[in-house]
Amino acid sequence: MAEIEIKGVGKTFGAFTALHSIDLTIKDQEFVVLLGASGCGKTTLLRIIAGLDSPSKGEVWIGGRRVDKLPPRERGIAMVFQNYAVFPHLTVFENIAFGLRMQKLPQAEVTQRVTRTAELMHIEALLQRYSGQLSGGQRQRVAVARALAMEPDVILMDEPLSNLDALVWMPLGLQGHFEPLNM
Amino acid sequence: MPRLLPYLLLAPATAFLCLFFLYPFSLVAIDSLTDRGAWSLRNFERMADHWKFGSTFRNTILLAAVVVPLQLTLALMMASMVSRLKRARGAVLYIFAIPLGISDLAAGLVWLAIFEQSGFLNSALTGLGLIDHPQLFLGYQSKGVIFTAIVLTELWRATAIMMVILVAGMGLIPKEYGEAADVFGASRWQKFRRITLPLLKPSLQTALILRVIMAFEVFAVVLALGGTNLPVLMSETYHWQFTMQERGVAAAYAMVILGISVGFTVLILRLLHVPKEARP
Amino acid sequence: MSETTVRHAGNRVFIAAVVLTCIWVLLPIYLLAINALSAPAEVTGFPKRFWPSFDLASIQFFLGFRGVTSALWNSVQVAALTMVMAIGAGAPAGYAIARFDFPGKQVFRFMVVMTRAFPLPLLALPLAVLFIRVGLDDTVIGLAFVHTTLALPFAVLITYSLFSGIPYELEEAALTLGCNRVQAFWKVVMPLAAPGIAASAVFAFVVSWNEVFAAAVLTIEHRTLTAFLLQSLDVSPLPLKFAGGAALVVPALIFIFAVRKYLFAMWGIANR
Amino acid sequence: MTLNRLRGATVVAGILTLAGPALAEPLFWSTQAKPVEESQRMREQVLAGFPGGVDYQPSDEGPWITRFQAEAQAGSGTIAVLGGLHGDLSSLGANLIDLASIDTSGVGDAMLELGQLGTAEQKYIPWMQATYLMVANKQALPYLPAGADINALTYDQLIEWTKALAEATGGPKFGFPAGPRGLKHRFFQGFLLPAYTGSTVTEFHSAEAETAWNAFKELWKYTNPASTGYGFMQEQLVTDEVWVAFDHVARIADAFNQRPDDFVAFPAPAGPKGRAFMPVLAGIAVPTTAPDRAQSLALIEYMLRPETQIATLRATNFFPVIATEIPADMPPSVRASATAIAAMTGAPDALPALLPMGLGDKGGQFSQIYTDTFERIVLNGQPVRAVLDEQAAVLRALMVEANAPCWAPDVASDGPCPVN
């Protein structure tokens, strides 16, 4: 795990300013929840940390590395999307294995990690199904498992509370502190 | 997102279009706008002054105006059928797609064999004892019948193009939306109108644009069934280019075809505009 | 009436509609087959028979025609090249229009549409001059270039409408899971766009297969089957017209049959 | 994956074809003998005897002329010999070589003059000839008007006959190739108008011409209304859709060959000024861009040989342009049309009308004037006099623009042919 440092990050879309100037440090092992009214820029900040959007100004540091010019795959993060973004053309197994295959891990390692995370999320019975055959909660658990299987430094979750089902199974302690944010 | 990426993606297609379309097109366009080497609108005047131009233009527009809406309805029906089928879906889709592989020349040939005086329709009607002797369907006085025959042939030949595009588009509509509508008590028709149609807009747009453009270029079928009775813009273009050997006037006709196609494309884009925010 | 009987009746109407539509599509094909497979006297006679006599003389005439096999081979090559190039150039363009907003987008879309809206026979002369000058004349690849230009609008617009139906989030997910842009496209978007790609492939193939004019002008030694047969078909005696027409239809039908499952590839899976 | 394999195959195929074989056989690029069986016979029976073989490629007029123009513009080409009708070739003069060196001693002067296209050079060499004829299903013969001789019919008798047929059979039984591919314009230029006025151009809107058009309107009443879609009358003759028809000999041949005993061919009818008829002449020419001129010239000479000419007749139903004995074992279509042509050209009231000459690339527009006149008067029912006057103005302007002097049967003129 690694420390995230956000230094003076701002984002504008044309004339609209989504983020003014955010400074935030999230320590290693810390569990932080961003709260705020909808449309206040939570998702935008997450996307900037993930590397899906680039900040208009400011810097993002993860684990002592400046990452705001790096593509998402080089940032050591994993993300659970608001709508889960479970790949519809792949089975649950292949969804969870997707990132591992990208790292070219050996098949045995892939199987082992997928099985482990699937058991963790209690979806081991669903491994051969397609996303179309899952319920919303199951789908979210697949999305979380997919992120966990990567064993990333940072896990970003967009709207994790929208489906508590998955959180119940979250292996991370919920003892981390909630830090209300003003944006 | 690097700013150059979209242009990079467009590069191969643009190269094709520039080399094999824009270059020859600009030469032809210049042909239409010059007369003996000097800029002039004489070609367009000659075209517009010809006694057939008015009816040619009318026939083309009228044919498109009748065929395309019918085709759209039929294609939507066929696509919905395919999407609702549980068994034999592949087989039915294949059957529906068959006319795709048939050229307009061949389609004209088959349908002429149906409608001509010694054709299949007359054979069937006499065989069933409905008429005593073969009827003449495609005579020059019965332009309505000729028109109907052409519309039927075009419906048969070119609906598949729209159908396949719509089927592919319907496959991308998540079934939850329909299920949600079910929960709120929507009827099948309401579901189709309020869910499927709006979500299908991008595909509808594509299908309509491609079909309308091709409708303005109908030629072989009209010639096969209509003979000289229903001159259309494309047949006049041919006629001026090859029989009359007036390339300038032919080019002017081609510019007219292009003009109405672009006009209708703009219209369809306007009517079926999907704002970026409304896309998935 | 109980609800189940209503549903039953509805189902019956639905099945009847499907069957009727199938008949509407198949009947003319059947009539073409009758005429192609009957003796000349039956093709021209009246009243027409509704069952072929399986006189294969007309079909055999075409099979024995000098140059038919090489023309068929040329057609297949041109159509296959056209397919590959139309998708290769068209899908990226369709993707760009679907995903990005950039200056020049509308201009490009119009240019694509214009290609289809301008009568090809007029373009054939300048194209032929160009081809003769640069040595592309009478080559399979040269004709495939022209056919690709004709098929591009289909490829661009169809893939565009399909890509804009695929959520961008899926690609982003792939990006966070270690893909670069190209990998994300190939591993996530491409499989989902399969029906659209298959549809563009069908169109590219069919456009190329049935195109007569450019083929007749731009190929001499490497005539395509269509330029070879279709050109002279409408001046040939009736029985041969039908046999030749049928001979042209069959390969196209085989091709559509071969790709039909791709047209359907993602049906019902694309839920999210 | 099949797609990958397919792609691999096409790339290989593409490379193979790019290498391409070297051109050996001269390319014979032709608008004639297009029907598949005819082109087959051209290749196997007519051209197979040429040393090294010939690549005979028939083509529609559109691609045919486009390819020719492209080669001319590009300045290099593959076409060795062009074959086409007089009308096809008449606009190409500037890009054809002078064929004066060819021995044309057996060819008639009138035809050779047509081949000069109004220049001092021999732009094309006559290749084969034909004309138009009438054909009747034998079932129609009993309805001939009393006392009418089928070999010396008049237009009035034809009208009476077709009227009787229509009344007896319940539907019009005369067929006329007025479709997009039909050769209707030649009927007006070479048959109808000269028969009534003795002229094609000069008397275009005379009182006699008015009579002629009114007579045709009368005939049209008994003409199958589907005629506006007809191109090759053999089709409707064979299907019994029509019983009497007018068309080019090559376009009625199939009727005789399919049902030799059911049809008769006979001369075109006569009008007050005589039995007008127009020949059809096809020519062969060599483009300036031909890859090997010596080979092209050799092929032209080969085409003029008596045995080639006879083989061509067998293959295409077009007659030789040189005087030669026609063997007896000809296909039924040739035998039937030869007899009828002899009766027509040898008739005491025969009035030959020549193909349009000296119009250059205006030949198509010249024909269009006659087609337009027909469509306006007959199909759209516009008043004859007014249409003739309007079209005469167009015709006059065209003759002046093309600066074409009169040709037979019009009286020779200095300067452009006048329209009185």
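Here the chain labels run A, B, C and D in written order, and each chain numbers its own residues starting at 1.
Assume a contact is a pair of C-beta atoms (placed from the backbone, for glycine too) under 8 Å apart; a residue touches a chain by one contact, two chains touch by 3 or more.
In this text the structure is predicted, and so the values were computed from the model without any measurement.
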Gap in Å, rounded to a whole number, between the CA centres of chain D and chain A: 79
Rounded Å distance, chain B centre to chain C centre (Cα mean): 15
Chain B and chain D: spacing of chain centres that average the CA atoms, whole Å: 35
Centre-of-Cα separation between chain B and chain A, whole angstrom: 47
For chain A, residues contacting two or more additional chains: 132
Multi-partner residues of chain D (each touching 2 or more other chains): 62, 239-240
Numbers and ranges of chain B residues touching at least 2 other chains: 118, 175, 224, 238, 241-242
Touch-based graph of the chains, sorted into line, ring, star, complete or other: other
Chain-to-chain touches, reported pairwise for every pair that qualifies: A-C, B-C, B-D, C-D
Of chain A, residues touching chain C in the complex: 50-52, 71-73, 77-79, 81-89, 98-99, 102-103, 130-132, 146, 150
Chain D residues touching chain C - in the complex, by the definition given at the top: 6-7, 9-10, 13-14, 17-18, 20-21, 23, 27, 34-37, 39-40, 43-44, 55, 57-60, 62-63, 66-67, 69-71, 73-74, 76-78, 181, 231-232, 234-235, 238-240, 254, 258
Touching residues on chain C, where the partner in the complex is chain B: 14, 17-18, 21-22, 24-26, 28-29, 31-32, 35, 44-50, 85, 88-90, 92-93, 95-96, 99-102, 104-105, 108, 110-119, 121-123, 125-127, 130, 145-146, 148-149, 152-154, 156-158, 160-162, 164-167, 181, 192, 195-196, 198-199, 202-203, 206, 209-210, 212, 226, 230, 233-234, 241-242, 245, 248-249, 252-253, 255-257, 260-261, 263-264, 266-268, 270-272
Contact set on chain B toward chain C in their complex: 1, 3, 5-7, 9-10, 12-17, 19-25, 27-28, 77-78, 81, 83-85, 89-90, 92-107, 109-111, 113-114, 118-120, 122-124, 126-127, 134, 156, 160-161, 164-165, 167-169, 171-176, 202-203, 205-206, 209-210, 213-214, 216-217, 224, 234, 237-238, 241-242, 247, 250-251, 253-254, 257-258, 261-262, 265, 274, 276, 279-280
List of chain D residues in touch with chain B within their complex: 61-62, 65, 91, 170-171, 178-180, 224-230, 239-241, 361-362, 364-365, 367-368, 372, 375-376, 379
